[in-house]
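What follows is chain A paired twice: with chain B in the first complex and chain C in the second.
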Partner chain A sequence: MSTFVQATTVAEAVGAMSGGARPVAGGTDLVVGARQGKAPLPESIVAIDRLDPLRGIELSGGRLRLGALVTHAEIVAHPGVLEGFTALADASAIVGSHATRVHGTIGGNVMNASPAMETGGPLLCFDASATLESVAGSRQLAVAELLAGPGETTARADELLTAIEVPALPGAGSCYARLEYRRQMEIAVVGATAVIVLDGGLVTDARIAITALAPTIRRVAEAEEALRGTDGGRAAAEAAAEAAAAASAPISDVRASADYRRAMAAVIARRAIEAAVARARGENVPVPASPALHGAV
Partner chain B sequence: MRYQATLTVNGIPYPVEVEATASLLRVVRDVIGLTGSKEGCDDSECGACMMLLDGRPVNSCSYLALQADGREITTVEGLAPGDGLAPLQQALLEAGGVQCGYCTPGMLISATALLSSNPRPSEDEVRVALAGNLCRCTGYTNIVSAVLRASEGHPAGTPG
Partner chain C sequence: MATVEEPRAAEALFIRPDGKEKVTGLGRYTADLNLTGQAHAKLRYADHAHARITRVDVSKARALPGVLAVLTHEDVPDVKYGGMVQDRRLFAKDKVLWEGDVIAGVAALTAELAEQAVSLIDVEYERLEPVVDFAAAEGAPLVHEDWESDSGDDTMGRDGNRIGYSTIVKGDADAAMAEADVVVKGRYTTDCSQGVPIEPRAVIAEWHGDRVTVWSSTQVPYAARAGVATVLEIPESSVRIVVPLLGGGFGAKCDFHFEGHVAALARAARRPVKLVFSRREEFVAVDHRREGMVIELETGAKADGTIVAHRGRLVLDKGAYCGEGGFFAQMAAMHACGPYRMENIFVEASLNYSNTQPSSSIRAPTAPQTCWALEQQIDELAHALGLDPVELRRRTLIEEGAEGPTRQVFEKLGMKETLERAVEMIGYGRELPEDEAIGVACGWWPCFGAPSGAYVQLHSDGTGTIITGAQENGTGAVMAFPILVAEQLGMSPGDFSLLYQDTDAAPWDMGSCGSQTTFNSGRAAIAAAVEVREQLLDAAAAKLEVDREDVELVDGEARVKGAPETSVTIVDLVGEGGPFHGKGSGDVPEAPECDAEGCVGRLGMESFLAPQLITQAAHVKVDRETGVVRVLKVAAAHDSGVIVNPMGANGQVTGGVVMGIGQALTEGTQIDAEGRQRNPYLLDYKLTTAADAPEIEIAWVETPTANAGPKGSKGIGEPPCVATSGAIANAIRNVIGTPVRQLPMTPERVWTATREGNQ
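After this line comes the complex of A and B, so read on.
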């Protein structure tokens, strides 16, 4: 016998979670997963979609704060995200369909912890942190420490994600690109994020992450190293992309073989790096980057 | 467990009693009795079940009915004024965008949401907005044409 409570305050939500309830925000993972037969709906559900403190995008004092309920559609429509955190906008712009983006939240995307999920790479590269709240209090940890494995986080079952904070990286150009077989309603076959800072034409900071290429989305230090101090041109981008591909440990599944994924990792990583460099130089690469980079309309 | 809720569908409030796990689609079709919205896949792939929730498209098969308590729901039955047809419906008929019709209610919902936020979409914007709606019959071209026809200021006639 399943139970349902619509939380009206954060205290009520974490109270229900301490009693074993699972939160539902947009339901585009939780409810859809149950419909697909992946996992039945939890016995006890607490709806968190009406908690106003979990809403809203704020950009001030060099920090971006995304309430856990911020939707992908809101991320793509925010001028400050488009300008300073472009890779995140690239990512949210290609989640599911229009209906998925207006209901699916950043909190649900992160807590669902799919190794193929779109926003993880950009959040890791921008050193984002998550605020978790429970009846015992609140704590903050890096998103990199939160993502633990396919569908797994290091959050306790009674912890509610309330916000994601992302420090600004002035001057950075960034891009998230994925290999996709179609433009919408797609899951990343392979994805890559690049965040690049240029100074006097040289790369002073480079952050590269790979998506759908390992049990969790992860940064690749070797690829970042390969870019630092270079001009960010084709040769450097290729070397870094090769390093990203070498660090991948892909699986074979219905969507692609491991060999194909590894080969495409180098291609997609190079495209993401080149687009991030172009954006760092002030050139215009449309959001989302993926269709433009792959030569679609 | 069953809970009381009020689902306001096409402007009419319906007091209903629903299971915690019931989908919005189930309740609107089986409890309220509005069967315009279709079930194709029941897991968010086809878009046949789309409704507007506070004006935004939702895959109602995969949305908990209780989460819609107190919100404004619009189904295909609510798009037309009285007995007539909405301009989008008329355009869909004229452009040959309806064959078996199973996808049509969901297509109309997605297109309505698009035109209300973007009255003059490009062809590409129409295709992106309809990407969550599968059609097994038409090949999409006539559906896209119909949405462009119904958009503001578009000269009637089938584009490209």
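After this line comes the complex of A and C, so read on.
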């Protein structure tokens, strides 16, 4: 017997989850996956889409708080995100289609834990953390520790993601870029995030992550190291991008061969770094960056 | 309530009658229909691409509460069916031949129960080696072990795994090749691809005594009727096919598909039964895809560009069953020659069985892939000759009086004019950024003469109804009939309603296939209107007391020529009583003469009736580092004869170009070593989205064509996707300096070609 609960409070939602219910917000992964035969709809579902505490984007005290129900469309439309967390806006702007971005939430995106998810790289590079609630209480966990593998997180089944918090990095220029075969309804074949802080023309902080190139999205310390202390120019970007490609563990599948993915890792990482450096210098690179970097007009 | 305004564009003669309901969501498709007491069907598909069935046990499925019927081959007549070769049964009997082969069908109270019952059917197999590499099918295990006992067309050249073999032979290609100044060679391979109608198919069947009504999302209701009658061994007159709104077909809904399974289930369940496909089934279970090919071409020319010799060897993937695609070898061979003057030709094409999804007509079957290969070779020939590719085409394309591959002498046609219009629209030869280029491709496609029939009747309020057997699959082709009929009667297209999509209402028609609706069914509608015209003229002459020869029908009136004040309105005329109704078929155009002596596997494609001619030019931008190609603009110039409905014709080109871009760049079905599709879903079978669609500029070279359709028209449905991939291929080559010889030209393939070209 399948059950459906429309939660009106967070307590009600986590209560249902403690009884085995799975949460649904936008439904863009759950419903599409069930229709595709990937996984049947859960026997017990709790709808969390009317929980006001899970809504809204707040930017104060050097922290960005994204309620779990914040949609990609809301992220892209937020001036503070565009200004200080540009890579996240790049990512949310190219998730799925217009319809996906209006219905799909940041919470669902993170908890779906796809190694190809667009927002994961920016969240890792900005050291974002997740707030998980259950009947037992609340805890904070770095997103880097939350993502465990394809479709897997370290959250317990009874824990509800309620918010994502992202500390600001003043002066940072950032970019998320992906290889895309078409302009809409696309999924990353290769993706890369770069967050760059410049001081006096030199890179003082660099954070690089690669997407769809390993079982989870991962930061690449060697690439970050290759950038620090440089001018962030072409040579440094190439060296860092090569390090990112070397750290990838790509697979061959229906979307691309491992060889092509590895080669593209270097190209896409370099482009993300160059765009992030340009933004750190105050130059204008439109959001989303990917179309502009991939032969669009 | 909002109203739809009259169209403003001068080209818009009228609004499609089905447009408003489709745009507003009021339209009802087959899956929207529900009948009282209906049960739901699911099909049990093969678990392997090639295996002998050793045991089928349906007892657990039959025992499941809520299951009303479970059918296997034991429960229906042992009948083999198919187009040119009858090689398939409704339910697999001895072997399964591809992953979508149907072993059993279930009808149950709910779709979920039917699904559960399907999974309870036990099937045991002896696995056999699947034939996946269709080009190596000769010598491989036989797909159809009893192929010799399958009835079929004797001219096809069947032999084991080869279901068809055709040649085009003209002069002595070997001798002429040896004397050519320049020879170019190429080997090209293409993945199979899909039609992907946005509406997955649906079928509902309901019996009334011995008669069955089937609502089906089919492009060809009369073929569906014949199929049901054949497999159930009942008279055709006992089968009625009704087609609700059809949400796209692209050829994938041609032929008889699942109407027989659902009708059999409905009879066994004693209830109406409904089958609705999932998107996955629309990929895996449908016996209609565009065929994969291996194409080897060699062309020799004199220094001035004269093509003296052309050789080709093509192998086409037929997949598991014949369906209606038995003619593909000859069609591909003709496209391997193209609309060019070639002095000596030897092209051979083999159509091979394999253990994969059957190939059948998808919009211009065999043409886009073969054109893509040939047009790349024509460009390579131009480069080898030191000629501009457009200039080489100017010198070699067919024109009035030219001789085709089988010495068909062409009447007036606008092939070269399409070339000039396309290069003009695209701005050929202008300076472009170094990562952009223009490519040009030419192609052709024949018209198919076929019988058709229509009725036209006028009502006492002065409106009329056109009753036609023609079907439409989203193209709006039948919507042009009111234009043709109104013109005969001095009335306006908006005066006419259409009754179609019902095999009990109208005469036989080939259906929405072969770009034939205006061409054949339009002719029938005109013939029916001419009968009504005679009746109106008789009535007007009597009413006005004038000589019949002096009466004309203009602007809703019958009036005396030269004395328009002596008139009677058609409304008044009809209101006084009739009868005002007519029927018509018109004369089917005859196939043009040719000399196909020496060609084998002749199936009627050796001459091209009223050829539809195409030049498309593509302006692309290539990201050399990634291989990603963006199409910025396509200029499409077509000779489809006189254009009857400009808005509809432009819509066909726009849609065809977008489909062509998908075929060129992203759309390919990948098949693993076991014969299974690897990407039977829309995330990884990548259609072109609206966001990817380029600017498309269209020009019509309106050549009034004798021995063709109404008013000198030709077909238009299929040609728009024929030349697009060739034009894009040549543009890509002009950026990266090397050809991409695999279709689709995915980013990885373009990237690989770029790297190999640089080495």
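As a convention for this text, the second predicted complex is superposed on the first by the 297 of 297 C-alpha atoms of A that agree within 3 Å, B and C clash if a C-alpha of one lies under 4 Å from a C-alpha of the other, contacts with A are read in each partner's own complex, and residues count from 1 in each chain.
Methods note: a residue touches a chain if its C-beta (ideal position, glycine included) is under 8 Å from a C-beta of that chain, and two chains touch if they have at least 3 such contacts.
Everything quoted here is computed from the prediction, not taken from an experiment.
Of the two partner chains, neither chain B nor chain C is touched by A:A11. Of the two partner chains placed by superposition, only chain C is touched by A:M264; chain B is not.
In the superposition on chain A, contact is made by A:Q36 with both chain B and chain C.
Once the two complexes are laid over each other on the shared chain, residue contacts for A:T28 go to chain B alone; chain C is not touched. Contacts of A:M185 after superposition on the shared chain: both chain B and chain C are touched.
When the two structures are aligned on the shared chain, A:A235 is found in touch with neither chain B nor chain C. Contacts of A:A142 after superposition on the shared chain: neither chain B nor chain C is touched. The intersection of chain A residues touching chain B with those touching chain C, taken from the two complexes, comprises 35-36, 97, 183-185, 297.
Residues of chain C touching chain A in their complex: 278-280, 435, 621-623, 625-626, 628-630, 632, 665-666, 670, 678-679, 681-684, 686, 688-692, 746-748, 751-752.
By the touch rule above, chain B contacts chain A in their complex via residues 1, 3, 19-21, 23, 42-45, 47, 50, 53, 56-59, 61-64, 66-67, 69, 110, 113-114, 124, 128-129, 131-133. In the complex of the two chains, the chain A residues touching chain B come out as 1-4, 6, 24, 27-28, 31-32, 34-36, 41, 45, 47, 49, 96-100, 102-103, 183-185, 297.
Interface residues of chain A facing chain C in the complex, by the touch rule stated above, are 35-37, 97, 179-185, 187, 254-257, 260, 263-264, 267-268, 294-297.
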